[in-house]
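Structures follow.
In the two complexes below, chain A is the common chain; its partner is chain B in one and chain C in the other.
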Partner chain A sequence: MSAAALATRQTAALAWRSIITTLRLPQAWFPALFFPLVLMAIFTASFGGAPGNIPGFPPIRGFLDFAVCGAIVQGVLIAGTTAGAAFATDIEHGFFDRLVASPTSRVSILTGRLGASVALGVVQALLFLSIAAIFGARVEGGFWGIVVVVIIAATFAAAVGGLGVYLAIRTGSGEAVQGMFPLFLALLFFSSAFFPLATMTGWYHAVAAVNPISYLVESMRDEVLGGATIWTALTGIGIAAGLAAISISASAITLRRRLRVAS
Partner chain B sequence: MSDQAVETQDLVREYKGGVKAVDGVTLNVASGGIFGFLGPNGAGKSTMVRMLTTLLKPTSGTAIVAGYDVAKHPDKVRRRIGVALQDAAIDPYMTGRELLRLQGVLHGLPRAECRARAESLLERVDLVDAADRRVGTYSGGMRRRLDLALSLVHEPLVLFLDEPTTGLDPVSRVTLWEEVRRLNREHGTTVFLTTQYLEEADQLADRVAIIDGGRIVADGSPSELKAKIGFPMLSVVAADGSTPDDVSRVLATFGEIVPGAVERGAAVRLPGGSTAMADAVRALDEAGVRFAEVDLTEPSLDDVFLASTGRHLGADDDVSE
Partner chain C sequence: MRTFAVSMGLAGRNLLLVRRVPSVFIPSLIMPLFILVATAGAFHGIGALPEFAGASYLAFTIPMAATMGAGFAGINSGMTLARDLEGGFFDRLQSSPAPRIALIMGPLMAAMARSVFTTTIVFIAGMIGGVWLPGLASTLVIYGFCLLFAAATSCWAIGVALRARTVQAAPIMQLVVFLSVFMSVAYVPVDALHGWLGQVAHYNPVTYILTASRSAELTGTIIWSQTWPGLVASAGLLLVLGAWALLPLTRLNDR
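Presenting the complex of A and B:
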């Protein structure tokens, strides 16, 4: 078997392992579904009358259509934090050592974990869209709109997964990675994930306006609410890909440094 | 592979702050045997194993494992070694069978072979019934056996076991010893095991090196090591009518008295071995010293440790727990 084929197989096997260990541990997947969905429900119930009544809101059919993309991004953030924590636990408990002491390709250690995050991100996006659809939401962008939303969610999942791995290697502690979560959540709340930029004022608006997550969510939202163009889609994909490039490079560099110092 | 499974030359690992966990270790481990690396906690055993298994880079010196330099060809070493580290690193949410198959894939075995190896190893370590249970439900002994099986998926030439029985109950410990012996006997796998238990080294290993403070303080077969430090010890317990001093006075003419070894009597290291024992007993009799018990004990590895480091191997207390 060629080195590339072997690495691909190892990546798939490690991704599979990450996915099944996530699914078998309710505390690993439950928060990533529960909190965003509850928040989505609360917002929809609270602000159901907002569109059309509150200045700054775009003309939309219902608040659920507006809220679903923020929920997807929030779910991906939670799942990514959990994945990072799981990677840190692998380091703490020695699974990482077992991998390093075997001929597992060093790339697969990273791509296996990220592959699982991407796969779970796809499932999460589709699940959230389906649940929103059941309660009356509609993706105006149709099939390709869904594809774009899923691609952005999956790419963003890779970005968050990369950040999780980076933090895991730097701290070597699952609790420390989990402890970063409020910070990520703040990053999400200081964006237009849940409310449009136009309704915000002062410094809050200023922060949200420079937060890349704002534009990432908005490009997803354009697909759901209508008005998306190839450029809005590429903006979202580009932001997610850019974030992924940064976080994955950082995690690859720290992983390599760790392995160099170690081995 | 050459006839040496492990060869190190002046191996050093220095941690930040200048602490040398391993301080110039030169070691040769012949292929086909069971090598026991004995030392107390913090002596440098695990650091040594981490270097030999490519997990840690030596600060200086060389290590050749299974024919390849760990620093220059870590990948070649990794293909040829099996590793079961301390605190069995096992995913609690996966089943034994899943983990064995995963390990096979990581080693690049074809799919069919992964399955076949998993089945035969499950059988070998007696985990067939538990194969589809999550590892989180396994007992400590079952985990160690699975860990051992995991390290054997690719049929390694050299197997590294870092404190394989620490924390195990005596029955599980003996089961694991038997498995290691069988592996060595039937498959010719060289076993490099670290332990803080004298008994384990004595029972399992055909060669032992004792490490303390990062340096090898003794190296040889258990019987060689014991013979080197000496003479068997004759202990005599005084009976009514005689005092320990009476016993001691007579025994002192046969060798060096071991202070404090016998509570109501005395003990002496006998250069003449068991032959001298008869003379000593006769001398006691002729001197009119009454005694109740006479016992001749061969030196233990603890005596070796004591002689080499001036301390008892304290961790050995755990064995009786």
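Presenting the complex of A and C:
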């Protein structure tokens, strides 16, 4: 078997292991589904009167259509944090060292984790869109709109997964990785993920306007609300890919440094 | 008299512990601030709806953030108690001649004291954002409702801690308090709620607590018709959750 084929098989095996560990622990997948969906429901019920009635919020079909993409991104963020914490637990409990001692390809240690994050991101995006659809939301962009939303969510999941691996190796503690979660949640709130940028004022507007998450969510939302172009889609994919490139390089570098120390 | 002294001693210890454990202390400080800033900042525009009658959305959010801060104060005292149960300190207390009731009065009083602190933090943050205090009487009313909510949530958390006997039960304590506040009139007045949340908020006691303390914040006067439902809701919560906290205490002897 060629080295590449072997690495692919190992990646798939490690990704599958990550997915299984996530699914077997309710405390691993429950928060990533429950919190975004509950917040989505509460926001929809609270802010349903906003579209078309307040300055800066154009009329749309319903607030749920507006809220669903923010919920997807929030879910991906929570899932990524749990995955990072699980990787840190692997390091704490010695599974990582056993992997390193085995002839497993070094790349697949990283790609296995990222593969699992991407797969879960895809499932999450589809699940959230389906649930929103049951309650009356509609993706104006149709099939290709859904494809774009899923691609952005999956790429962003890779970015968050890379960040999780990076933090796990740097801290080596699941608790520390979990502890960083509020920071990412804050990042999401200081963006236009839940409410339009045009309705914000002052310094909050300034922060949200430079927050890449704003544009990432907005490009997904354009697919749901209508008015998406090839450029809005590419903007979202580009931002997610850029974030992924940064976090995955950072995690690859720390992993290599860690392995050099280990050997 | 001795009950009071022991309760005070335990409350002091609880407060000290929270201050010394940064992973408990920092979130209890940051969370109400985060909720205030993130809510008032992100949803600022919603204040333009006619249901708000021109009120500043930051002022509208202050009572919610203060209530949430009080809720966190209550959760924290439950978490500290759970840690004591895990670490064996509680067992030693039980074998001491300390009055039983003091074992929960201590954490309860600590939660109330901490809510004064978190409410003050929220008020200060509001003033930095340009919302001045609503006048002495109204400010005291808001402090009062936060004290009552801290007492109620600490009863809830203490009840959970006494049953679960592990700090791993913390997410349950947090989840219920979170949901009870957010599934009320946390973001908009009751008239602006749509669909299911209108029903849930109608039966949620926190709705009446928030409405009462919000009325004090926004009008600067105490409107009795807005205030008494909040008092009734607080009393009801305290009664039910007080029983929830006391029940496992009476069964401690059997263990």
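Definition applied: the second predicted complex is superposed on the first by the 263 of 263 C-alpha atoms of A that agree within 3 Å, B and C clash if a C-alpha of one lies under 4 Å from a C-alpha of the other, contacts with A are read in each partner's own complex, and residues count from 1 in each chain.
Here is the rule we go by: a residue touches a chain if its C-beta (ideal position, glycine included) is under 8 Å from a C-beta of that chain, and two chains touch if they have at least 3 such contacts.
Note that the coordinates shown come from a computational prediction; the quantities given were computed from them, not determined experimentally.
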Next item on the list: Give one of first, second, both or neither to describe whether A:Arg24 is in contact with chain B, with chain C, with both, or with none.
Entry: first
Note to self: According to the stated criteria, A:Phe47 is in contact with first (chain B), second (chain C), both, or neither; which is it?
What the structure shows: second
Notebook entry, point to check: Looking at the overlay, what does A:Arg98 touch: chain B (first), chain C (second), both, or neither?
Noted result: first
Notebook entry, point to check: What is the contact status of A:Arg257 with respect to chain B (first) and chain C (second): first, second, both, or neither?
Noted result: neither
Notebook entry, point to check: After superposition on the shared chain, which partner residues are touched by A:Gln10: those of chain B (first), chain C (second), both, or neither?
Noted result: first
Item checked: First, second, both or neither for A:Pro182, with chain B first and chain C second -> second
Item checked: Contacts on chain A seen with chain B and repeated with chain C across the two complexes -> none
Checklist line | Residue numbers on chain A that touch chain B, as the complex places them | finding: 1, 6, 9-10, 13-14, 17, 20-21, 24-25, 93-104, 260-263
Checklist line | Complex contacts: residues of chain B adjacent to chain A | finding: 53-57, 74-75, 78-79, 81, 83, 85-91, 93-94, 98, 102-103, 105-108, 134, 150
Item checked: Interface residues, chain C side, partner chain A - complex -> 23, 27, 30, 34, 37-38, 41-46, 48-49, 51, 171, 179, 182-183, 186-188, 192-198
Next item on the list: Please give the residue numbers of chain A that touch chain C in the complex, ascending.
Entry: 27, 38-39, 41-50, 53-57, 179, 182, 186, 189-190, 194-196, 198-201, 204, 208
